[in-house]
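Next, two complexes with subunit A in common: one pairs it with subunit B, the other with subunit C.
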Partner chain A sequence: MLDLSFTSPDASIWRYVVSSAGKFVEVGLMILRPEELIIKAMDPSRTALIEFIMPKESFEEYNVSEERTIQLNFEELGKVLRSAEKDDRLTVELEAATIKIGFERRGIVRTFTLPLHTEAGLEEIPELNIEYANMFKVRGEIFYDALSSIEDMGDVLKIGGDKNVLKLSSVSDLGEAEVELSLEKGVLEEAEVGNPGFTSSYTMEFFTYVKRPIKAAEYVILRVDTDLPAFLELTYPQGSKLKYYVAPRTE
Partner chain B sequence: MLCLSDVFKTYVYYLRKAVYLLGYVMELKILVEAFNQLEKITSRTQITNVVVNVLKNTPKEIVDKVVYLLQGVLWPDWKGLPELGVGEKYLIKAIAKATGSSEEEVEKTYKTSGDLGKTAEMLKMRKSAGGLTKFLSSSTGRAGLTVEKVYDTLAKIALTTGEGSRDLKINLIAGLLTEATPSEAKFIVRFLEGRLRLGLGEATILDALAIVFGGSQAYRPIVERAYNIRADLGSIARLIAYEGIKSIENIKPEVGIPIKPMLAERLDNPEEILSKVGGKALVEFKYDGERGQIHKKDDTVYIFSRRLENITHQYPDVVEMVRTHVLSNEAILEGEIVATDPETGELRPFQELMHRKRKYDIHEVIKEIPVKVFLFDILYNEGEDLTTKPIAYRREVLKKVVKESEDFRIADYIITEDPQELEKFFLYCIENGGEGVVVKALHSNAIYQAGARGWLWIKYKRDYKSEMIDTVDLVVVGAFAGRGKRGGKWGTLLMAAYDKKTDTFKTVCKLGTGFTDKDLEEITEMLKPITLSHKHPRVDSDIEPDIWVIPQYVAEVLGAELTLSPLHTCCKGAVKKDAGISIRFPRFIKWRPDKKPEDATTTDELLEMYRRQLKKVEESPTP
Partner chain C sequence: MGVNLKDLLEDYGVIKQVNDLKELKGKVIAIDAYNALYQFLAAIRQPDGTPLMDSKGRITSHLSGLFYRTINLMEDGLKPVYVFDGKPPELKAKELAERTQFREEALKKYEKAVSEGRLDEARKYAQATGKLTTDMVKASKDLLKAMGVPYVEAPSEGEAQAAYMTRKGDAWASASQDYDSLLFNTVRLIRNLTISGKRKLPGKEVYVEIKPELIELESLLRELGVTREQLIDIAIFIGTDYNPDGVKGVGPKTALKLVKTYGSFEKAIKALPGVKVDFNYEEVRRIFLNPPVTDAYVLNWSEPDVTKVTELLVEEYDFSKERVENALERLKKAYRENIRTSVKGLDMWFKKK
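Let's turn to the complex of A and B:
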């Protein structure tokens, strides 16, 4: 019996999100509610939390009448989604014990059926509720370029800022690389800095994991402060959002 | 002011505490406190008390897991599941992640402390990264890591393989270390490294199980026997915890769970050996192979090594033999798996079996190194525990259960009470590729003492061996018909040394290894014109080959060692009464057409070589 189904007009974003999450966590949750679909996962070392929210409106079809939570294996799902491209339509059908994933490209439909993992013992992934004094809004591609230009320099990403300026830097024995994004030069879309001179460090690897979703995002909203988790909110054209927290390093 | 979320946190905290108190879960800190104590004490009694205390605080649902963790393992080796063995580099990465340190910093601390466990503890003390945990809104008065969670995560780490497993393992470890207290982190890292360093022996855990579940150490023999019959201490502990100590009093072997093997004492004097076993004895050929405990249940077969490792995958051919030749549905048998020469069927040394350890192409290796199985005991048959039965009865069952073939049969043996006969059989075994003999008591109390070394079985092995360094040149004096692929050809040659004093050729060995197919074709042609219907007058032999030949051809031969033999006439009586000198595992190198038979190696030269190379044999652990 068909329990619920939905169709998404852009399969590629699913691919990016699932492959990004699969880099640091094996399994996560898919929470299906009548009004939205959420994919959520926290890595075992509790350094990063990812939450992908798609409102009902972002789907072409969305038939979910009651809330249901299932466990997702990112590795298995990632293999299926590997061939997904932009403009592929993604159809997901959930039955009692299986999840059926179909891609439609130029009228050709490919369907994959995977077993659904047991829902028993699902560990709840907690919510984070942090107030930030600083916020920066930047286009996804620009943030992607900024990260790409410094990621190879070192293992640590330092984020700091002053009024209207966001600084990303990476330091190692090799040297130092820094990128400055400012409102004045039109690189930042918005900036609110309540704590000028703030600085905080993060493991670079956790930012590298989500580079593809960052590139695909319309905007990246970064909330950050001294010794607080970095919080990235990525927005997509159909109204979907990816929320991503990375814990700070304590030096 | 107390807000609503604080009230909720307090509620969750006490709820979790209540669950602990009800005994469903066990906090890791109980185990870690015990580990800390065990590090500081050496007295066996004190160590036992600490383990007793741990087991008393262990809910029965997880007693098996706690026992495994005390043993420093995740499961018994014989299960063939992956071991943890997490490399230093992984651990350094995980510690860095969990403590918010750089890898350089971890390495620096490691250099100072010399102990990764200690390093994790120090860094956890210095820094408390905690990941996102401390920012979680619904987190919760965490009551700490539980033994179950740690065990399950460690199991997951061990079982994770394939693409991406490296990062996942690091993340899982980092996850545990993030939640752990500094002390817990120390032991988690040591466990992952396989270096728990508790100095805790199995004997102590057996004592503690007897005390906790039996009420006294007097129950130790019952627990120990159960463990010897089913070599899985975790499952024994679980059984006692659920069903009481009485449940294991008459525990039977179970197909699929190895039995600890009975071991033999060692003596070097045939008279003393026979006297120790009570006179009449079963004397078995001690093959130079791998001792295998063979379990069969319908078509499922497991083979366990002497060290209880699951070696089934190394012997798919033996698995097939068991399916065909063991007539019972359920049985546990013991035998020696011995490498053989694929051409001649002769036994080869144990070292040849090393090729079987290969994990791929095993079906190729089977052809290159075929094996034979020589059975010597049966411990369980169709629901009957035979370990408590005397050997004579077990042998009767073994004979009924096994449909013997050339490759799968009961080990050669004699029954004797005569020391000379024992000695003669011993020399025969050595010469034919064996290590010696195992002498087994035949009286009614001669049960199978699982896991024990005792005087019911006594091994009689060589004290000395004379390794062969140089080749020798020997003369062909006879030949044996080949079998199998060598049918219709002379597959094995009877070789002799020259005795100058008597001007005769005295036999040294049978030579069947080292020939190419072309060599074998040539031999048949070479021997045709010199074949005799009787022994040549200058040949001195106690062995009767299929054909005799005129001593004419000389071959260069190399062997593993020179050994004493009751069958060969070379130097007979020179070293030991009724024993000559022979070559163990002889191999053909090449023909020596430049040499006449009288130019062959002399018997005196062989005697000199034997004495010169004689060295004490180092004791091997095999019984």
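Let's turn to the complex of A and C:
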């Protein structure tokens, strides 16, 4: 018996999100509600939390009448989604014991059936409650380029800022590389800095993991402050959002 | 060997599997050093059971295990501290004598199996022959010091000292294969920490995945419906290092039933006609309840001393220079990323329910 199903017009964003999450956590949750679908996961060391939210309206078809939570194995799903391309239509059907994933490209449909993992013992992933004094809005591609240009320099990403300026730097024993994004030069779309001179450090690899979803995003909204988790909100067409928290490093 | 509570704990579902060591990132783990070194000595061997040795014929399996496994743990973000045994309690003499005899018998069987070309069996017996000498323990401490990993000298039992450190809040958990840590009042016990990974079953071409297990004393006592003192009494029935034979005919399930019914070991014994107790159960209980422990330790992780590690492992014990250099790079990175600076974790920002 078919329990629920949905069809998404762009399979590639699913591929990016699942592949990113799969780099730091094996399993996550898919929460299906009548009004939205959420993929949520937190890495075992509780350093990063990822939450992908797709409103009902972002789907071509969405048949979910009651809330249900299932466990997702990112490795298994990642293998299936590896061939997904932009403009592939993605159809997911959930039955009692299986999840059926179909891609349609130029009229050709490929279908994969995976076992549905037990719903018993699913651990709830907590919500975060943080108030930030600083916010920067930047286009996804620009943030992607900024990260790419410094990621190889070191293992630590330092984020700092002043009024209208966001500074990303990569620090290692060898030296430091810095990128400056400013409102003045038209690189930042928006900046609200309540705590000028703030600075905080993060493990670089947790940003590298989400580079593809960043590149595919229309905008990245970054909220950050001294010794607080970095919070990225990536926005996509059709109203989908990826929320991503990374815990800070301390000496 | 310690008390065998395995079946009881499995029956009551108090063993949690740790699927990923990163779940323990940032946590200080007090590792029962002798227990870990004996594990390395048993597991790290050639196919015929011969331990790793240097050109002078000195065993190096323990150093190999200690070096590479400690680096693995630190790469996953754990902060290990090794706790070495001091003087054993006098009541342990019988257990220690039995272990010596067991090793001697295993050695004879090993030599016979080798001479008859039965290599699989030889390996099985060889694993039981390992004996840590004073020199091996000293080299292990020298290695830890050079790696920048702290160690603690317990006045008596290492597990008791590790348990005490968890109670003080200096360590998050003890790590040992022995359940005795629970009797010594550890807050949490991690088993299989130093042997996790793929392991070959003795005598078979079958590999199993061994994952670390976490046991929380509070939830264990709650599930069993006993106090810590009663848990010790259950162990006394089954047999501990200080009364290895326990009480004849009483296994874990019966011991639990007896202690819950009568309240304590002595009351249960009185109610069992014909049962003889030929050991000082009060002394055994005292060892678990009031073991000698010390506050004279400093937990300080430091930058690895590459020169000293290389001198010890490569020059003194003939380890491969290339492998040691590669591992030292990993250790330096692990120290830099997980010890010198650390990640707070998101926990403190979770919404309160």
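Definition applied: the second predicted complex is superposed on the first by the 251 of 251 C-alpha atoms of A that agree within 3 Å, B and C clash if a C-alpha of one lies under 4 Å from a C-alpha of the other, contacts with A are read in each partner's own complex, and residues count from 1 in each chain.
By definition in this document, a contact is a pair of C-beta atoms (placed from the backbone, for glycine too) under 8 Å apart; a residue touches a chain by one contact, two chains touch by 3 or more.
Being a predicted model, the structure only gives us computed values, none of them experimental.
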Fit or clash between subunit C and subunit B when superposed on subunit A: clash
Subunit B versus subunit C as contact partner of A:Lys23, first or second or both or neither: first
Which superposed partner A:Pro229 touches (first subunit B, second subunit C, both, neither): both
First (subunit B), second (subunit C), both or neither touched by A:Asp155: both
Partner chain in contact with A:Glu131 - subunit B first, subunit C second, else both or neither: neither
Partner chain in contact with A:Arg249 - subunit B first, subunit C second, else both or neither: both
A:Arg46 touches, of subunit B and subunit C: first, second, both or neither? both
Single subunit C stretch clashing with subunit B - from 55-63, 127-135, 307-315 or 343-351: 343-351
Overlap of subunit C and subunit B interfaces on subunit A (superposed complexes): 26, 42-49, 126-130, 155-156, 203, 228-229, 245, 247-251
Residues of subunit A touching subunit B in the complex: 22-26, 42-49, 75, 124, 126-130, 155-156, 203, 228-229, 245, 247-251
Residue ranges of subunit B touching subunit A (in the complex, touch as defined): 94, 97-98, 100, 102-103, 127-133, 135-140, 153, 163-164, 167-168, 171-172, 174-179
Interface residues, subunit C side, partner subunit A - complex: 19-20, 22-23, 25-26, 77, 333, 336-337, 340-347, 349-352
Interface residues, subunit A side, partner subunit C - complex: 26, 42-49, 126-130, 155-156, 173, 201, 203, 227-229, 245, 247-251
